[in-house]
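Scroll down for the structure; my scribbles are underneath it.
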Amino acid sequence: MSVAVPHLLLTTGPVAAYADVLNALARPVPYDGDPAFLAFYEAVIGKLRTAMRLSSLPVILQGEAILGIEAAAASLIAREDVVLNLVSGVYGKGFAVWARRHGAEIVELQVPYNEAIDPAAVECALKARPDIRVVSVCHHETPSGTLNPVAEIGAVVAAHGGFLIVDAVSSFGGMDVHPEAVHADIFVASPSKCLGATPGLTLLGISARAWEKMRSNPGAPRASFLSLLDWEHAWRRDRPFPVTPSIAEIHGLDAALDRHLAEGPEAVWARHALTASATRAGVKALGLDLWPSREAIAAPMVTVIRVPDGLSDVAIRDTMRDRYSVLISLGRGETAGKVLRIGHMGPAAQPINAVTVVGALGGACRALGYEVRISEGCEAALAGIDSG
Amino acid sequence: MSVAVPHLLLTTGPVAAYADVLNALARPVPYDGDPAFLAFYEAVIGKLRTAMRLSSLPVILQGEAILGIEAAAASLIAREDVVLNLVSGVYGKGFAVWARRHGAEIVELQVPYNEAIDPAAVECALKARPDIRVVSVCHHETPSGTLNPVAEIGAVVAAHGGFLIVDAVSSFGGMDVHPEAVHADIFVASPSKCLGATPGLTLLGISARAWEKMRSNPGAPRASFLSLLDWEHAWRRDRPFPVTPSIAEIHGLDAALDRHLAEGPEAVWARHALTASATRAGVKALGLDLWPSREAIAAPMVTVIRVPDGLSDVAIRDTMRDRYSVLISLGRGETAGKVLRIGHMGPAAQPINAVTVVGALGGACRALGYEVRISEGCEAALAGIDSG
Amino acid sequence: MSVAVPHLLLTTGPVAAYADVLNALARPVPYDGDPAFLAFYEAVIGKLRTAMRLSSLPVILQGEAILGIEAAAASLIAREDVVLNLVSGVYGKGFAVWARRHGAEIVELQVPYNEAIDPAAVECALKARPDIRVVSVCHHETPSGTLNPVAEIGAVVAAHGGFLIVDAVSSFGGMDVHPEAVHADIFVASPSKCLGATPGLTLLGISARAWEKMRSNPGAPRASFLSLLDWEHAWRRDRPFPVTPSIAEIHGLDAALDRHLAEGPEAVWARHALTASATRAGVKALGLDLWPSREAIAAPMVTVIRVPDGLSDVAIRDTMRDRYSVLISLGRGETAGKVLRIGHMGPAAQPINAVTVVGALGGACRALGYEVRISEGCEAALAGIDSG
Amino acid sequence: MSVAVPHLLLTTGPVAAYADVLNALARPVPYDGDPAFLAFYEAVIGKLRTAMRLSSLPVILQGEAILGIEAAAASLIAREDVVLNLVSGVYGKGFAVWARRHGAEIVELQVPYNEAIDPAAVECALKARPDIRVVSVCHHETPSGTLNPVAEIGAVVAAHGGFLIVDAVSSFGGMDVHPEAVHADIFVASPSKCLGATPGLTLLGISARAWEKMRSNPGAPRASFLSLLDWEHAWRRDRPFPVTPSIAEIHGLDAALDRHLAEGPEAVWARHALTASATRAGVKALGLDLWPSREAIAAPMVTVIRVPDGLSDVAIRDTMRDRYSVLISLGRGETAGKVLRIGHMGPAAQPINAVTVVGALGGACRALGYEVRISEGCEAALAGIDSG
């Protein structure tokens, strides 16, 4: 029996998958050693390369994106490396655990969790510690709904000669961000956010110098589920896969890439951006506050709002779900209890959802005794779409 | 576009998935924090517990079975542990890499790859080295099609007071093997072999004393994709998942367990056993040789045969595929080039497939100039079914 | 490649199907003569009987509902029969074609297409023409969004001793209407409206006296796709089906009935009713007019509104689709060009959709230069849900 | 819960559907009035036209193929027409019911049900009765497994100036037969036989003169589920569909046509032909008799064999199903009790199935006490493939 899924899933991940993806998951299972499957796998890698705008071949790891992030840390950061970890939220902070585990020393540049990293500050930090070898940054802090200026940060790191790890798990596919454009050495993306596929894989763009550094890192995992090196040549038809691929997930990814490229990345990004701006307009008109310190850093993927004074985040979430069958997400880690998060990624990136969720959110607040301006909220959300 | 899957997939994994599993993969994606999903996950854990005949709750790791095996080694084997690794094939041998990585010393008891481990030899080895703390064994050596007597070995290890890791990846679900019955402390199984689901998860049965040992092992991975400890309480509805579950795979597993329990495990085992005995009868009547030294240790899951003198394994495999649309597997590691492997797991465990594959194998040998007795082969395979 | 389906389908049929239905359509195809399929078919008939609250067995015809209506006319109406055709809309009117084709004379009782039939008028008509043998009525006039009081009409017809054909195609499953409760002799329903399955079958409840009348009607189709008599014993396992069943559609119906009964018919009806009342409240608050002459006869399945003066129905529909990805239906036949129709059947019967569609409709009107009160509309739709 | 489908379905229809078809059935349901759906429908019509090699547009009726055959009779045969009905089996005979219902007089040319119609006899019959206006023939008599020489018959009918109705329901897609090549005025085909889709639609090729004759036939159904005329312009985007299309079935047909054209019709035909010849070789070597009087008229779609003396058809069928999970069909009508039928259409048209079914059939006969030469049967089936 299927899980009873709410009518409208506006969560921060897993998100609803596109219908084409769900159908693709049901394709018959081929044998991973069959030349027909190897040719198919190569074709998927090719589509992913196109979507990632890579000059080299991307890598697919057979576990959801956190595997890719841990693998990046374990593989790229050598025992002697000093790491600059840029922290503007829960995921950036979390990376420190792995950086510390694998590196020599970790330097952190931290801003409040509703702020973004300033590239100039990164430049200062690198000047202060010329021995910094690896820099890590989370592009989209999903628990905060904020973006870091990765392209600018990447330029600074490149000028410094450092290696850059970019967590673009919840931004890739939903906006204009690509590995080489942001000077990433390892760029970690996910099929289960803006691409609208299911969780179970990590998508990685890896630079030539990152491969070289990993190969020369004796601590880099080999013969391990955490290994990136094991996968360097996985695209070659004469090599067996290091581990059995998650075949159904590869099928889903194939369909997700097909539809992403068919709709056109620019159109997909515009859909995400318009949904976000309309949602923000509606939420503000309701009389609620956005969590990001300013709209310029608010992400097109997730709209994060402060929990209204005196209300419980769980009560609002549950009321929206029970009364309107609209499900949003709570905060996470540091932002838990402080925020509510409206995801609009993949199929949920539909501008009209702004009207719906603002109505549902407004209705829940009112039902819990908190006065909001529902009429203005819906009207503003709609106007936000129309002005898009 | 789907991969063109051969008509009959008699591979050793990935194997064809049951139709109910494929359909379940296409279910809508719920949010992993939704109470409705948490209740569903708990129900799946409950079904798995029933199938595994466990008194405690099993664990699902979010990567295919090799993740579970590596995680077991990394978690259970402490820096000071002496490990006895039982080797009767490629996978047993492969475990040594992880045992060596995490333990103090590794002792190996090895037999030829067409033989099985003798429990008496295990007893001797343990007597010779009373400091052995962990024993590891692969139940079904898929590259050899041979079974080790895990229940007897388990009894010996238990009497010794050791901890036992059992790789039952390609046997669980296809025959009568369960964690507690074989005294396993960590028992590693897979949805994508005899259960007929897709690769992407590991299923683990873990004893109370294994949990205790892992908790007290400072080297056991924590905050890692390789961690078992992170998942100890994942079944609790008030805890977030350590990583996002591979939701589609959980859907598939749910359907696989439903049909496994509905058909009845005993009936499923009988289907595997009959397919195997009929296939062995047919192959021998063709005039070919089985790889296992004796039929008593031949597995009900995979029939492994020696490549006929003068023929190429690849040529036979390709001829069977191209001419008859029947796909079997080659050898792996040490057995590569020496054997051909006919998988009959999950939906492929259908006795009549014995007739089909014996015909196709015979036809391929003959086409390549090697004389076989096709009439006798098919007749014997059929008789093998009828005598079942 | 899939058809690009708008984000929100609020059409009057075909409507979006439930996810469980879509998955069921993908089940493997069994042979219709296989005893396993016959047992399954019988089980589906049993579920349908439960849903229809029938004391006898229902019939499934292998074509969408218009087949069932034509078959009912052709089978029940004999060459000598006088038929009273009750007309309150396009579908009622359309039935006259078949009544005239098969009967002796047709008497029509017609009301404007935004009105409902008065049972007292039916009583008068029957008194005026005691020779009326068959009465036909459409319960829910989908092109008008209006309901006729079928239970009361049924009582009048029963007192008269007439035979009653009820077209409940777009109401069954969405509200409390069942064959025996409305004294229907032939009750025609559909899987592809409120049950949320796909078009391709008709569901019929047939009284014992209707079977008798058909058997004694020499003109009733036999050995024909239009035949009902051919199907009288189709549920019997020892009879072959008159025509090959549309197996995938039966699979879909099975899943639709499972979920209908699992959610509970009363809960399904409440969901439809609340969506409709909230939508009506929102539409009125926008400043638009409902098509039905009074709300008491407005259906819980479809909300029909007058096209605002000076606007084009097609322009509104297209603007809603292009700008907001919300698709509604135009009028049909007599109501074409005069109305717009918002369907909320099956999965679309979600109260929060009232807010969404009122926003989208308001936005389209405004974009086309027609002033509406969007704030009030959304607010009223939400209030309509909250007061439900 | 899915119906438990036997492992190998070698039935005469419904047959197993291709995986791509099953997946397509699960696509989301669009609205039939949506321009996006109309464009899609037009594309499907275009693919069908290609597959049918038509110079005009084909028609899709929304019910399984018997609807198309009845509709052809009702539409083309006028009240004054004399019909020559060619009978070589159950379906040809069955057509007489409809011909008689709609025409003035019916002339029958009948041969034994294991024989084929001789075109010279048709020529004689037409000369004897110059007033014959319509000729009907079944190309592949599925209950007999025999083919009629439709191209030659068509040439004779064309020379006579008659109208030809061809029932190609179970041959189209499985061999080289197309409407215009056989001079058919109405050519009736099915998605659920050799195309490997599901039952629920009829595919029709209709000549310009047939359209003209139907338009001038006052008895041709109009405003009816049985109407062909209603569908003449259904492909036009500015016309509503006469009845709601069975959308899921259209999705399935779309996928079936895609894969048919991608594999290549010639390759599909070769696959059917080779499966049939290998099956016939095997069956004969078993020591059983084919039903067709000679192999030259045996169809590539179905192999029909005589029930061995003293055995029950049902017992053989049931033994094959229960013991080997291979399901074949019984006879039908006149051939019921006399024959067993092995279907190899669509995905079942796999040459290696010849070995499997010959083994299973042989095993069943032997189990029931009838001596057959199983070794020779399997060997001959395999040799049949290899000589192909």
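The chains carry the letters A, B, C and D, assigned in the order they are written, with residues numbered from 1 in each.
By definition in this document, a contact is a pair of C-beta atoms (placed from the backbone, for glycine too) under 8 Å apart; a residue touches a chain by one contact, two chains touch by 3 or more.
Note that the coordinates shown come from a computational prediction; the quantities given were computed from them, not determined experimentally.
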| item | value |
| --- | --- |
| From the options C-D, B-D or A-D, the pair that copies A-B, where over half of the contact pairs coincide | C-D |
| Contact-richer chain pair [B-C vs A-C] | A-C |
| Most widely separated chain from subunit D, with each centre as the mean of CA atoms | A |
| Cα-centroid distance, subunit A relative to subunit C, in whole angstrom | 44 |
| Whole-Å gap between the CA centroids of subunit B and subunit C | 52 |
| Multi-chain contact sites of subunit B, meaning residues that touch two or more partners | 2, 5, 19, 22-23, 26-28 |
| Residues of subunit C touching subunit A in the complex | 2, 5, 7-8, 19-20, 23, 26, 323-326, 347, 350-353, 355-356, 359-360, 362-363, 366-367, 374-376, 378-379, 381-382, 385-386 |
| Residues of subunit D touching subunit A in the complex | 19, 22-24, 26-28 |
| Of subunit B, residues touching subunit A in the complex | 2-6, 9, 11, 13-17, 22-23, 25-34, 36-37, 40, 62-67, 70-71, 97, 192, 198-200, 223-226, 243-249, 251-252, 321, 327, 329-330 |
